[in-house]
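We just call them A, B and C in the order they show up, numbering each chain from 1.
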């Protein structure tokens, strides 16, 4: 758990500013994300943590008025460069959203969509394998193996979210971004997802935005605290939750916020 | 505690109540120690009996604080400063409870002691005990003010107490050698001295807790020790 | 204080009751008008689905038809049936004078010769024999038989003469008048004679117009909607386009008719009175309806689906084509059907482009002149003959039935295939 300096840096954000039209949403964010670790981003609503998360796979491109400045380096490559191909970037950086959003198609089609558009399987057999391993990694295989061709929207909320995780890992991304993945789930389903996150960090680097500080404390090794578009504090999770350096961090995690 | 108050008022109140209970418990312990020392120096059995009787109150404080801490952890999941506040409260209360017990033990032994003790022995005892008393008072002040520097002072002063205890021990041993027929008194006095020293140790524990509470880190380094004690601790 | 409160409470309850009463009476009124309308249409229209036939004995005399004993099929086709037909009618009253014979002839439709011919062609063995043949009664006698014609008017004010009525009554007594299902209403084109007029030409005209309209409006509208909703940047220019599409939906249909007249007919010289021109004109009108429906259903696809696809690394085009558009299709299709139903009921623009012309052939392609159902209603409603009154109502019934089926279809598509996003 302790930060020992051995962990490799997977993503490093340098002087990132984000604007929505004339309004600045993020101010000079400098953050390094360690490889094969879970990094939690916490902070009050509207603090920019989700905006920052969406910078990492350039989902902010979808919003016309959103402008991102600064450098975000992943694998020695600045993704904000003009030469960066968004489609290939998103293949490498998966995302799981707040509300489970499976496609209204069958479970099989949900998982096979990514590998299909990226041409990852040469045959039906290969595709079957990808679907099976993805579902197994998402700890969903046992529950759904007999109904792969039923619609994904028929699953429970927690299962749907695990389906979305399976869909995200089907293209073997290096990084998985999770935007409040448990906010719509009950505690049992939440615990299952948290267990899953712990498993996934062996092969993927995970960045999770969460409103639940307890969840951040439970699942992450590093935590960053955002407030009003600034990264106030960033460090190992146990340090942040036992003895944060900044008063704002302290006030937020102890529930003393205005 | 931080200047800002919690959004949830009842949480704030629970933390404050915990804080108050620690202070009240600390004051009770201070009183008990004071009375025990008066009892032993002035041979006043009335004070001694009060101390014995009041120990129950201190024990009750510990139970209350323990419950409060468990409730806070279970229901509020305190973080950062609140977490340290809660955890140190638990540890301080158990140290205080030990202090109460030790004061009670001193008083019990007081009741069994001979009426007339040599003055130099009493003086030595008074020297140690006033120092310990001072330490206890300072540590409670440090807790009240959330002052890590005051806590560090207390922690450093423990060395002096150890030395004074050793001196006192030597006096008692001398007394024992001189009055072999008074083996009972001598033994009791040895324990009393040792108990006072233990109280000093618990006070130092509390100081360490306060330092952790305020700074979020442990006091580094070995606890200052005086010369090796002649008689090893009984408990 | 307490009393005031109770008063207030009572007031609140009574105002709610009042509101409910008003609402219910509004619904009642609407239903009442609908019921009256439907009752009126049905009560005047249902008789049009029956047709009156006179059963007349016909002597298929080979000599009168200049035929030999074993005629070929061509011979039968070319034979002269007029004489035997006329004779059959005259035989109804052997004592009739020349004027009365003329009246006898007018008791049946001018199709009677063809009906007799058909009988013989169907069964050539009848040659030389006499057989009772069903002959369409004239529209006036048809109305008399259905009880729609007042007999007590003075003779000079009716189109049926006393003599004709006498003969007709005799036939009724002999059981030689029969009412049967009026199949010709659906299979015959329009005609000047009410007893022979059918909706086949206008029905086919409507179908062709709708098909042309669908073929043009649907792809154009869907492409426009997808581009505007999924790809176009949101700026003043696209806002301007959006406002204008909405305005277009509110333009009176006659304006589109003028457009069709001025551009399609005058500039492009497309054939007049054809479903092609009608369909193009209607498609202009339907276009905004479909665009609006399609955009609304694209908007209803939750952004989370788009985000999911984008985050999987799908391009914008893939996201749109693989997910958004298929999900919006049920809404788009039901919107399209409703737009087409609107177009189906449209009259004014079609009148302007000449689809109001009298067409007595059934169109075989969109390039043939045709009418359409609503225009047919308009044409018949203009006609003076009593026989057309019931036809108007009958045609309205057919149109309404058509519209109800289309709307039902739209509803079914919407409920069955639309995904619910709660």
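Quick note on the criterion: a contact is a pair of C-beta atoms (placed from the backbone, for glycine too) under 8 Å apart; a residue touches a chain by one contact, two chains touch by 3 or more.
Everything quoted here is computed from the prediction, not taken from an experiment.
The chains in contact with subunit A and with subunit B alike: there are none. The chain with its CA mean position farthest from that of subunit A is C. Averaging Cα coordinates per chain and for the whole protein, the chain whose average falls nearest the overall one is A.
By C-beta pair count, the most extensively touching chains are A-C. As a whole-number value, the distance joining the C-alpha centres of subunit A and subunit B reads 51 Å. Subunit B and subunit C have Cα centroids lying 103 Å from one another.
A straight line joining the Cα centres of subunit A and subunit C is 60 Å long. Subunit B contributes residues 2, 4-8, 11, 77-84, 215-217 to its touches with subunit A in the complex. Contact residues of subunit A toward subunit C in the complex are 57, 59, 62, 64, 87-91, 94-95, 97, 99, 101-104, 113-114, 117-118, 153, 164, 167-168, 171. Note for the complex: subunit C touches subunit A at residues 233-234, 302, 304-315, 318, 322-323, 327, 419.
Of all residues in subunit A, only 213-214, 217, 240-244, 247, 249-251, 253-258 touch subunit B in the complex they form.
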